[in-house]
Amino acid sequence: MTEETIQSVVCTVCGCCCDHLEVKTKDNAIVNVKNACAMSTSKMLGYMNERLTQPKIRRGDKLSNSTYNQAVDSAARILAKSKSPLLYGWSLTSCEAIEVGVDLAEETGGFIDNTTTTCHGPTVLGVQEIGESSCTLGEIRHRADLIFYWGANPVHSHPLHMSRYSVLSKGRFRKSRSERTLIVVDVRKTDTAKLADVFVQIEPNRDYELLSAIRAAVRGDEIEQDEVAGVPVERIEEIAEKMINCEFGALFFGLGLTMSAGKSVNIDAALSLVRELNSKTKFVIMPMRGHFNVNGANNVMTWLTGYPYAIDFTQGYPRYNPGETSAVDLLAREECDSALVVASDPISNFPLQAAQNLASIPLMTIDPHETPTTLCSDIVFPSTHVGIEDTGTVYRMDGVVLETRKLVDPPKGIKSDVEILRAILKRLRTIRRLG
Amino acid sequence: MMEKELAVVNGLVFDPLNRIDGEKLDIFIRGGKIVESVGKKARIINASGKTVMPGGVDIHSHIAGSKVNSGRLLRPEDHRKDVEPRTRHTYSGVGYSIPSTRTTGYRYTKMGYTTVFEPATPPLKTRHTHEELDATPIIDKGCFPLLGNNWFIMEYLSSGRVKECAAYVAWMLKATKGYAIKIVDPGGVELWGWGKFLKGLDDPIANFNITPREIIRGLCKVNKILNLPHAIHVHTNNLGSPGNYRTTIETMDAVRDLADEKKPVIHITHVQFTGFSGSSWLNLGSGAPEIADYVNKHSHVSVDLGQVIFGDTTTMTADGPFQYFLHKMSGNKWTNGDVEVETGSGIVPFRYRRSNYVNAVQWGIGLELALLVKDPWRVFMTTDHPNGGPFTSYPKVIAWLMSKKAREKTLSKINKTAKKRLDLPSIEREYTFGEISTITRAAPAESLGLKNKGHLGLGADADIAVYDIDPSRTDPEQSPRVLRRAFKEASYTIKTGKVVSKEGQIAGTSYGETFYVESIVSPSLEADLLKEITPKFKDYYTIEMDNYPIAESFLKNPSRIPCKSEV
Amino acid sequence: MSKVILTLKRHISAPVHLDTLTPDRVCGRKVTELANEEVWEGNRRIKIKTLFNIEGNIADKPDDIALEIIGDLSRTRSIGYKMTAGTLNIRGTGGLYIGESMSGGNIIVEGDAGSWLGSNMRGGTIEVSGKTGNFVGAASRGTTKGMMGGIITLKGNAGNEVGAWMNSGTIRILGNSEMAPGIHMTGGTIHISGDCSGRAGAQMKGGKIIISGNMQAPLPSFSFEEIREQTKNEKDSVRGPFYVFSGDNNEDGNGKLFINVERNSQLKWYEKFLEG
Amino acid sequence: MTGIQVTLLTGRSLGQGRAKEHGKLSELYLQSVACCEVDAEDLKTIGVTNGQNIRITTEHGSVVVKGIVPTQTSRRGIAFMPYSLWATQISGSDTDGTGMPSYKGIPSVIEAATEEKILPLEELVQKSFSRKTSKKGRK
């Protein structure tokens, strides 16, 4: 009977990548977690639920048990045959795995996309037009006296974000909550909004209008309309005043902005507003990245290909144009003839039509758990949990890099994403060599 | 698989560190090192009629890390115009001014460069820098942690605790696997954290009761205490503002009394950007003569150029305030990335135009510096890639330095007023092959304290470039085009004894070493340090102290360079 | 005048890049040469003849060539890429990037067309009879110059961000437009005969957008100037009357936004600014 | 009983975040995500009480989930569903050329479905992806 308490454990749930967890293990199982949020605790204590225990290959209508070698071989053969394969997922695994994934995409001559495509893809598109005034979370903790959450609900999506990094944190120049102002913009009075000093309830899909109105007010231009997006102009001018007069402002935004009508156009407006504010004071902006390593996926893909997601290797070099080369569009246009999904559940997350097309082509999935996507797959590889059963590098939402810890051994015989991907790549190269 | 033995024969060798200046010599290689002789079975590379130099050493090139990658993300348009399809031996990638990591390694290799240093890594994000360096093939590399705006350091120095500061810096270098002390706009980036701008060397830094001058002097002392192989590597205050050549000279002079006989104690980087005279953009002029004069009179200083190349590029520095200023001036898109407790960064795409007065003057300043500084051992060729232009333009710079004719050709095309105001047209000097070998290899290697790099003496690393140009037959003055072609693509690039590229064909994807220094301080001092910083660390950073240091095992091919500190 | 007809003979299941199919690139070649030319289908190189039946003959001068491509081409890319002369007729459903970076000649799409039609266009004309996707006449990702010349006429509806970063030239939409036509535009003219879902001229610095149909409201960063009876789209005049706005003030823009008076009674209140 | 028009938002909820880590085949997950938050007044209008089933229909599809009164105050005409397989049954694949589907602000109709049952995950997968069982052009 062996007990161990491990300090400074990096959480692998959301983009906060909290690294102050304390985990107690006993006989190679996690028995207790301290300092973690509800989501994190649920993962740390529930990571063994619904585990895939063996590779599976579809025979007829059923997935039947197989071996890694057989599954690797079949997967490599499918990829070798494919004219236009899609490699998708990547935000819930390590940078080491993502690097192999990019090489696999290049070797297959396929498309590789990560979950950015359905979370902060529009943010990337906005940044590529405007740029981004940003910083690490510590800067905000130490300096920010004005904090926005726009279309974001951290109380539910990033439970420790406020206490570790923003309005409820203790910084060098901001000691307490009373030294900060919190403004929340949302269509609903969320649990985050309930904590706000100012809550701005906005009509759905009208974020762009409100953002450009605030920018106009910041510039001191007259707004002819009496209200914008359901917000009276006087109110808008008050907000603008607060922004101009703060010492250090920070605007966090979530999918409320990237998913609403306009998408990248909304981000364009938010980035432009914050850029404008820097001629009057210090202001930064940051997307609330969802998965613990979606930012890592963007970074690895960018240093290897120049582009953060939606990369097209079909012609032997990286091409990029979300809307053309992004997963949902490719599937909606029925342009792919096989797919490898790594650490993601697109069957659940993609809109019905795209998901149905995904289910209709040869589908291979690498995941620790049973998911709707594994249920629809032709080949299923069980894998280990990064940050629990395996180490691996991850990027926090602000680009701070952390090396996760191995806390327990994986279930017997279960391989890591890196091992599985390397095996497929190796097998594919052999098949190619033999022609 | 390293080739056992290799002989590069009949080449005209330029190995300045060993006082070899164009003699016909054979070079023998075994086990990746230069040796006395090799056996009969050795592979022979016939270099007759060709120029042989040590592998190129780039002391300052932004090739890896969070800032570089943000630049890549910012500029799909930059990649689109310059793609590298995959080949049987190489991975695909993209250029142009911010190439993907593999393309970076391949392109340096093709040019005959084998060692490159990333000069600005935010310590907190250096894990990222190492991930990219590890994804950059063939070349050896290292990185300089940014320490000029670090809270701990400013606090130690403002209370005069230089010894403790040295212990902290030693810990930092070990924790980040860094190579040298980098200082960018000392104090100015901390002020930028509040959106404020710093002017002079003696302006107090709000909340820290210290001045830029004190930071520079303090870290210069620390550098000597720790016996680090390279000098403090300084990007001065006021970069990019008219009249800043004075700041540059003041900065060099601020550590004059700390000079030591052996080697320079301060390196001023991309000095072109801090070599502006005049009081406004309208009367901007070249401060190169004044700076060169100071450098010629003072042996405690070295500089690198940061030469401007006309065309489109991506500017990126840790100098947040300067980048914001450049965004306002150009109207181009702008990315800013401040880093808690330590530093910042900014990125702005920029096009240098011949017809633009300011850009033309900048182009002149770089070349004037190179030509007016007499001692080639203290001036190194860089474009501050990608800030002045992409590193792939080095052949152009070489041609300008070696051929007055090449300079005149460009001068005839630049802004007329700029041409009138520059001394460049009247400068006769032309670099020799030996001097080029010095400023691109021998001198930077020596400045970095890399004993086995930058020369071809016995025991040196067998990093060699063979260029298809015959100094005995070509007059550089008359044939700039020949120079550009020769230095663009080495006939052979040899890395640790292995032919890694031949006439632009990359042999395969191998990975070089990453150098980092470890200066060992007394155990008791280190213990006291940890006792002191551990609680502070929790207050300052948003990550746990345990998660901060980078283990040697995190690096692909780490190469530790130990040095003995005096404390 | 020579006519070459390519008829799609099989289903396309992966992206096919047809950027070589322009009069200037095929001119002076034999049909058999064209048939054996290779293009990308997904990650494979395939001969054009495996996709199309090709008939007709090819003239020597691009101007004399009329290329006709028939079939469901919705999975193709870049038909008419960098075209400089001649005519190109697409019958069926066009794909993405039709006429990207073209500088001359005429493209006619008899059917629907995909996104990025005429992106980075420099000259020539494009006409689409059906509906068109997003980013008509737009700029490539990251660049700040979209359409810089030529005329695009869309007889059906268009998607989002028509004329994004447009710098000059003319876009006519006889149907309706989705959100943000003329976003970031710096010059040129966009005329929407039908309705616009909103955000016309978002962050525009210059140029002109005419909406003859309905648009709920201009962006708050636009200011009302006057009512005008009519305006011009290039040479031909467009009947109003119009509410005339200028903006986008957020970009110190002096673009002009014309919104039809009759079709937009909800904007009547702006007329109060006219008094005095 | 006829339905009413609402604007549908989908998004993260703590329950969903916790349950997805717990296991997507679990009862807890079904309970946490196969639901839709609708303003109390709106629920009343369609004749449903808190906790009864409702049917949500958009141009992209239709699904039955539990109708509940939000803990996070809502307002009339706005409905909220946690991200999940049930929510994606009614979201569209058009990305407006951005790669991002429209998961928020979807015009929908909600109506009472008190007699209909909520399909558990595996049945829903069967229903929507049954083509799987006969992947044409393979094997």
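For clarity, chains are labelled A, B, C and D in written order, and residue numbers in each chain start from 1.
As a convention for this text, a contact is a pair of C-beta atoms (placed from the backbone, for glycine too) under 8 Å apart; a residue touches a chain by one contact, two chains touch by 3 or more.
Predicted, not measured: the structure shown is a model, and the values here were computed from it.
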Suppose chain centres are the mean of their C-alpha atoms. Which chain sits farthest from subunit B?
D
Geometric centre: closest chain by C-alpha means:
A
Would you mind telling me which chain pair, C-D or A-C, is linked by more contacting C-beta pairs?
A-C
Per the centroid of Cα atoms for each chain, what is the distance between subunit B and subunit D, given in Å?
56
Cα centre of subunit A to Cα centre of subunit B, whole Å, reads 35
Residues of subunit C that touch two or more other chains: which are they?
115-116, 134-135, 140-142, 161, 179
Subunit A touches at least 2 other chains through residues 125, 128-129, 261, 313, 315-316, 320, 322-323
Would you give the residues of subunit D that are in contact with at least 2 other chains, written as numbers and ranges?
96-97
Examine which chains touch each other and state the graph shape they make (line, ring, star, complete, other).
other
Touching pairs of chains in this structure are A-B, A-C, A-D, B-C, C-D
Residue ranges of subunit B in contact with subunit C within the complex:
74-78, 80
Counting only contacts in the complex, subunit D reaches subunit C at residues 96-97
Subunit B-facing residues of subunit C, complex
140-143
Taking the complex as given, what residues does subunit A use to touch subunit C?
82-84, 108-110, 125, 128-129, 208-209, 212-213, 215-216, 219, 221-225, 228, 261-262, 265, 268-269, 272, 276, 313-316, 320-324, 333-337
For the subunit A and subunit B complex, residues of the former touching the latter
7-8, 10, 19-20, 95, 99, 103, 106, 124, 127-139, 141-143, 164-165, 172-173, 247-248, 275, 278-279, 281-284, 298-300, 302-308, 313, 315-318, 320, 393, 395, 399-403
